[in-house]
Amino acid sequence: MPHVQITWVEGRTPEQKRKIAERVTTALIEDGQAKRENVHVSFHDVPSTNYAEGGVLVVDQKRTP
Amino acid sequence: MPHVQITWVEGRTPEQKRKIAERVTTALIEDGQAKRENVHVSFHDVPSTNYAEGGVLVVDQKRTP
Amino acid sequence: MPHVQITWVEGRTPEQKRKIAERVTTALIEDGQAKRENVHVSFHDVPSTNYAEGGVLVVDQKRTP
Amino acid sequence: MPHVQITWVEGRTPEQKRKIAERVTTALIEDGQAKRENVHVSFHDVPSTNYAEGGVLVVDQKRTP
Amino acid sequence: MPHVQITWVEGRTPEQKRKIAERVTTALIEDGQAKRENVHVSFHDVPSTNYAEGGVLVVDQKRTP
Amino acid sequence: MPHVQITWVEGRTPEQKRKIAERVTTALIEDGQAKRENVHVSFHDVPSTNYAEGGVLVVDQKRTP
């Protein structure tokens, strides 16, 4: 532990995920006393039809996701 | 908050998700004191090989998912 | 299926959860072709130190959760 | 209940999922007093770019996932 | 990976969780090609007011949870 | 979005969660194009009887969690 589940709209590159996984892991080690080898991070990419904020799907919002 | 994660077998249309996201959000506002802009809903579609009820995958069940 | 996981700051009453579970379930039946007996809803109550929006814990926000 | 969410890197076959769903369900019945019809299991397959251990994506690890 | 999240109504003993964690882990190793040290299992205990099946909270059901 | 769910063994202080929430949020903004106000982070604290690694509960491991 810990396990980190990140759910967001698809579109991020492997390089973006690589950086975020490392930064999140480091934050948990430095500020949460986690051991590096026990930190797991999973990214759950969903289409823009599958995430809503304020009741409105991202695909219907007038902004970039 | 709140965050709502809905996991189900794929096959629902964007229009179905649109209606459900709105109804779930409204329920949380009216009965759960949530603020609209803070309600997030994510739909996690999985194939029918990836959901089991009673130990039986949906793809193996003799019913419509 | 579906399974619905609702994560929010603790403080809602059983009566509020009762109403929300029923409304969410009905929405999934009417708009998502779910069968009533297969809809599961779980509420994950976390303390106000355990939910952050915009990087700020709810306990530190100048608003009611 | 219970609901079991299994998140892993994609690549397992339906037959592997079939066996695991049955074994997990049986374990929850025999050792957790669950009723068979109430046990739900969902498999969340993610690409090898979407799971990190120790801050390193599985796609970047020098091992089979 | 994999990460396994089990959500259920509270009441199971540590001994029950110990057995289930071992059985689930073994199933993922034998049938899912997982490496033992990478399998994580978390149990999310919720009160009987916090889990609904068919729109009815477990606390309101006429059965033992 | 994104929504970040962090599951770990209880014991971290609010100050530790405060720092981690901020660092995770910043990582998602800088490397994941997220908008600050849309980033939600929830911490799911579980007892040491409720998390297993390699099939062994943390409470049974010969190390500090």
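Chains here go by letter, A, B, C, D, E and F, matching the order in which they are written, and residues are numbered from 1 within each.
In this text, contacts are C-beta pairs under 8 Å (C-beta built on N, C-alpha and C of every residue); 3 or more make two chains touch, one makes a residue touch a chain.
Please read these numbers as outputs of a predicted model, since none were measured by experiment.
Touching chain C and chain F together: B, E. The angle needed to superpose chain A on chain D by their Cα atoms is 120 degrees, rounded to the nearest 5. Taking the CA centroid of chain A as reference, the farthest chain centroid is that of E.
The geometric centre of chain B is 12 Å away from that of chain C, both derived from CA atoms. Here the CA centre of chain A is 19 Å from the CA centre of chain B.
Among the residues of chain D, those in touch with two or more other chains are 1, 3, 5, 7, 38, 40, 42, 44, 51, 53. The complete set of chain-chain contacts reads A-B, A-D, A-E, A-F, B-C, B-D, B-F, C-D, C-E, C-F, D-E, E-F.
Residues of chain D touching chain C in their complex: 1, 3, 5, 38, 40, 42.
By the touch rule above, chain F contacts chain A in their complex via residues 1-9, 12, 16, 19-20, 23-24, 27-28, 31-34, 38, 51, 53, 58, 64-65.
Considering their complex, residues 5, 14, 17-18, 21-22, 25-26, 36-45 of chain F touch chain C.
Chain B makes touch with chain D in their complex at residues 7, 44, 46, 49-57, 59-60.
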